[in-house]
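Here come two complexes built around chain A, the first alongside chain B, the second alongside chain C.
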Partner chain A sequence: MQLVLEAVVLGVLTGGVYALMASGLTLIFGVMRIINVGHGALVILGAYLSFALFRSLHIDPFLTLLVTVPAMFALGVVIQFVFIRPLKMDREALSVLVTYALALGIEGALGYLFTTNYVELRGWYETASFPVFGFYITWVYVFGFVLALVVLGLLFLILYRTPFGGAVRATMLNRTAAQLIGVDVDRVSALAFGVGMATAAAGGVVFGITNAFNPGSHYDLISRLLTIIVLGGLGSLRGAVIAALMMLVTTEVAAVLISPVWASFVFFVILVGVLIVRPQGLYGVRVRERI
Partner chain B sequence: MRKPVSMIAAGFALVLSACGTSGGTSGSPPASTPITIGVSVSLSGDFSGDGKALQQGYDLWAQDVNAKGGLLGHKVTMKYVDDASSTQQVVTNYQALITQDKVALVFGPFSSLLTIPASAVTDRYGYAFPEPAGGGPAVFKLGLHSIFFVQPAAVEDNLVSYTKWLLSLPSADRPKTAAYATQDDPFTQPQVDKAKGLLEAGGVTTASYKVYPAETPTWDTLAQQVVNSKADVVVLGTQEPDGVAFVKAFQRQHYNPKSIVETTGPDQGKDFADKVGAANTEGILVPSGWWSSAKATDNDKFVREFIAKYGGAAGDISADAAEAYSVGEVVDQAATKANSIDNKKLIDALHSGTFQTIQGPIAFDSVGRPNGQSFLVQWQHGQTVPVYPTNIAVAKPEYPKPNWP
Partner chain C sequence: MSRTVGLKALGLAMLGVVALLVPVIAPDPATTNVAVFTMMYIGLATAWNIMGGYTGYISLGHAAFFGFGAYSFGLLLNHLGMAPGYGPFFLVPLAGVFAALLAVGIGWVALRTRAATFVIVTIAFMFMLQLLAENLVKVTGGGAGLSLPYPHDWGGDFFNTPYYYAMLALAVLALVVSWWIRRSKFGLGLLAIRDDEDKALAVGVPTRAFKLTAFMISAALVGMIGAVYGYYVTFIYPQFVIDPLIGISMVLMVFLGGLGTLSGPVLGALLLEPAQLQFAYHFGASRLYLVLYSAIFLVVILLMPRGIVPSVVDLWHRRRSGSAAGPTPPARGAGNAIKAASP
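Here is the complex of A and B:
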């Protein structure tokens, strides 16, 4: 029973970090209707940027966010301008190819710069822990969860309390209508991509402290992040948060009660079950399509 | 028509998460003709660290063999293609190397996982397939006559030294319980399963046994199950990332078993120490077929040349590189013995006699399984030292392992 309790606690704490990583992905989909399969590579890029600062300047990994978040935001705006904006037709399918190429390019560049050896971000909080109900919780998971809460809270504030957020939501609801009422959707898209990458930087630092990673680590990551946003409903920030928590708690508990080998399978059974009942995902909007 | 977006995304997620007629042998080209040796290496994906090390070992051997006039007079060029650690890509790569690039010889990729599908292709075309890293039982179960695992011992026997050492301890010190956790990987699981069988037969009770997939989002819950077993010793079938994660998770939970052995991770030298912290390595064990100060033929020369070519220190050299280098050594000696680099003659030569390598002497049975024994290496005072069996040990095993600092 204690193991189950710990699995739930750990699932919630790490689920928060996955929600943070998935939030950028679902936001980018919502605004641009593109599937950014390069998002995992961007998270790893964020982790490597933190690693470069950590290794060369010995800055605490969390403090590196002061540099990496703005840098990744700027890079996101540039990537959107160079790679995404030119896609005018068949965006959903073509975006998969373009962003996958982007992921491979990032992986290759990181492999060249940092080699393909595994690296890890380090801080006192990675092994320091405190007792709760007979087991120990590691500080890094708590800090990661708090960071996720802060960043996701800011994201919700931006989306629901600012004019820019209004423009973003309008673009998410109906891109054409948003253009008709004067929203500069190209500018909104560029900034939203930048925001998505900034959240990737924040997620990357926690991922990098809790996992040894190398340039190829994005494959596992993107498959999980895509699964989360499909379950939550493509384009739904709230859905991404709930789905991330569901995924991590389910897999952790299944690992204890059944077997670690079956943990992902149990989650996929839930995913398929939800999609049968709600094809649009937990919080997705059902789109009426003309064929 | 709009595309069903969620289907595209879900399909992509599934594809990513899912990641697994007779031909003639190449005849021996005229002497002094340059030849190309083809290898599929993992330069990206899960095995990219190991793939890079293999490439270093192969390159160093090619440099050495060319310096002494080539492989039986043929200047050697290595051709590498990246398999992205994919069981599908590795098949495509060897197919292309053999049929399009028409390489004279092929050397093996990293891991049993990739060697198994690759060997089906190389065997079909009659190529000898000496390989440095595919030694799981599934490799030998293929029953192929053309495959040769160039390490001193079959993978499943890697932890035999560890079990012999534990069971040789005085009964008062001998562990009563053991916990096991292993990746569901053909390299790691057979080692752990064999160790479990031997320790159980020796009277050590199994307190916990868990198998887990490589793609696990967090290791802590898994580690906690080991912790809760309160086992005296822990046997872990790890690759490097989970090897590091387990050590950290045990520290977090203040769990101090008397001994920890991991199949991979602690053998990565400074790389491992950097990740877990040098002070936290003390007492951790790893089985090995090679280490930098061994008194094997030409090993000191290999270490010297490796450092000159790639930099670093002896302790930083990955065993993967040494194993790859040994593949070249074995082929060189077999070619001399056969007086040919024709694949059929090489296969026959490789099946007869013993070959001297930087890992020590190696001989193969009819399905390419080596007949030697691995030894046990332990982290002591920031260094890895061989500690068992006694004939090769340079230090006594530290037991029990000291508590985390």
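Here is the complex of A and C:
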């Protein structure tokens, strides 16, 4: 029981970080109707950027966010401009291939620069812990959770309390109609992609501290993130947050009750179960979709 | 019209002769190895196209069927205590049956979803299968891999030859099936699903049954090819046989050649697979081959989103209509896709 409680707490804390990473992915889908299969690779890229700064300047990994978040935002705007915007036909299908290609390119480049050896970001909070209800929680999970809350809070504030957020939500609801009432959807798309990348950078730092990673780590990550946003309903931020928490809590509990090697499998089983009942996901809207 | 038919038949016959003679013309193992893999991808891309190209349902998880075919075939051989040699080739169709059964299960869930969600669900299923192959250590050997019978009698230059002909046979099978579907009422139904699924349903196309059937056929072909691959490499590991890169490679080949066309996947595989093998051979150690591969990938999609075959056919029609009153340049759609399929 104690172990299960510990697993639930850990699941909620890591779930927050996955919610952060998945929110960028689902935002990009919502605004542009594209699946960014390269999101996992971009999270890993963010982690490696932090790692490079951490290794050369010996600064705290969380401090590197001051550099990596703006850098990744800019990179996101550029990627959207160069690779996504030129896709005129078959957007949904082609964007999958383009972003997959980007993921491969990033994986190859990182492998060339940093080798495929596993690395890890380090800080005092990685090992230091404090007691709660008779078990110990490592500080990094708390910090990661707080970071996720702050960034997600900012994201929701921007989306629901600013004119730009209004434009984003209008584009998500109906691109053509948004264009008709004067929203510059191309600009919104570019900025949304940038915001998505910024969340990837923030998620990357926490991922890098809590996991050893190498350039190939993005496969595992993207399969989890895609599962989360499908479970939550594509394009739904609220769905992504809830699905992330659900997923991580279940896997942590499954790791304790069944076995760690089956934890990820449970993750996918839940997805299949939900899709049988609700093909559109938890918060998705059933629309006429076409590729 | 009969002259073009004759030319086409002649061209096909010549291609067939060349394909049959490859191991005779270039018997050294390095070349036949490339030939085996190229033939393998011709089959894979053609099989993928039956689902992805005709119905428009983009599956990025076909590596699941490839790996499932390889594993089920390997386990079958080991349990039967099959002697290495030509015998195992006759059991390859069983791997296709297993893969088709898996496709029924996966399709039952995945085909409830459409478009983007379908893409993701197929990826999820692929990773599920990879996890199963890793975790069911008692059955699959887990990360330590599964070994298949090794034919010691086939030495030297001859070793690759039986595998080459097996891959060739499967590629031809895939092409014949693809061609037949294309001409049938079933194929027309699949194209209708691609163009507008709801309208297709409204005019009486049994969309669910059609989609599942196409998915099964596609998976069965991929599973059989996976089985021959497993026998060829003799050692299979979860992450190399249920490899996302195999799944995406066949998709890219189809897109390069021309989605939904008959010759497109063949052309895409012929161009890409030898190049990919060369990159991996020269730059594999430095991981730079991934960068190169991704660059080609991006250039292809950004410059030629419709693929080579439709673009060339387009150009051909436009030139002809310049001199005589030819058919109007095809825009994208079912009718034109049929035209594009003929070259």
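Of note:
Note that the second predicted complex is superposed on the first by the 286 of 291 C-alpha atoms of A that agree within 3 Å, B and C clash if a C-alpha of one lies under 4 Å from a C-alpha of the other, contacts with A are read in each partner's own complex, and residues count from 1 in each chain.
Here is the rule we go by: a residue touches a chain if its C-beta (ideal position, glycine included) is under 8 Å from a C-beta of that chain, and two chains touch if they have at least 3 such contacts.
From a predicted model like this one, the values you see are computed outputs, not experimental measurements.
With chain A as the common reference for superposition, the partners chain B and chain C occupy clashing space. Shared-chain residue A:A109: touches chain C; no touch with chain B. In the superposition on chain A, A:V261 contacts both chain B and chain C. With both structures placed on the common chain, the touch criterion links A:A212 to chain B but leaves chain C unconnected.
Touch criterion met: A:N117 reaches chain B, while chain C stays clear of it. Chain A is touched at more residues by one of its partners, and among chain B and chain C that partner is B.
Legend: residue contacts after superposition of the two complexes on their common chain; A:L248 is shown touching chain B, with no touch to chain C. When the two structures are aligned on the shared chain, A:L3 is found in touch with chain B, with no touch to chain C.
Of the two partner chains placed by the overlay, only chain C lies in contact with A:F83; chain B stays clear of it. Contacts of A:A101 after superposition: chain C is touched, whereas chain B is not reached. Contacts of A:T227 after superposition: both chain B and chain C are touched. Only one of the stretches 164-172, 200-208 or 236-244 in chain C has C-alpha atoms clashing with chain B after the fit on chain A, and that stretch is 236-244. Judged by the document's definition of touching, chain A residues 29, 33, 35, 37, 90, 92-93, 96, 107-108, 111, 116, 215, 219-220, 223, 226-227, 229-230, 234, 261, 264, 275, 279-281, 289-291 lie at the interface with chain B and also at the interface with chain C.
Chain A contributes residues 29, 33, 35, 37, 83, 86-90, 92-94, 96-98, 100-105, 107-109, 111-112, 116, 215, 219-220, 223, 226-227, 229-230, 234, 261-262, 264-265, 268-269, 271-272, 275-276, 279-281, 288-291 to its touches with chain C in the complex. Contact residues of chain B toward chain A in the complex are 1-3, 5-6, 8-10, 12-14, 16-17, 19, 43-46, 48-49, 51-52, 84-85, 184, 210-213, 215-218, 220-222, 224-225, 228, 240-241, 244-245, 248, 251-254, 271, 274-275, 277.
Interface residues of chain A, counted against chain B in their complex, comprise 2-3, 6-7, 10, 14, 18, 29, 33, 35, 37, 90, 92-93, 96, 107-108, 111, 115-120, 122, 126-129, 135-136, 138, 141, 210-216, 219-220, 222-224, 226-227, 229-230, 234, 248, 251-252, 255-256, 259-261, 263-264, 275, 279-281, 284, 287, 289-291.
Residues 56-58, 60, 109, 112-117, 119-121, 123-125, 127-128, 131-132, 134-135, 194, 196-198, 244-245, 248, 251-252, 255, 286-295, 297-298, 301-302, 305-306, 332 of chain C are the ones that touch chain A when the two sit in their complex.
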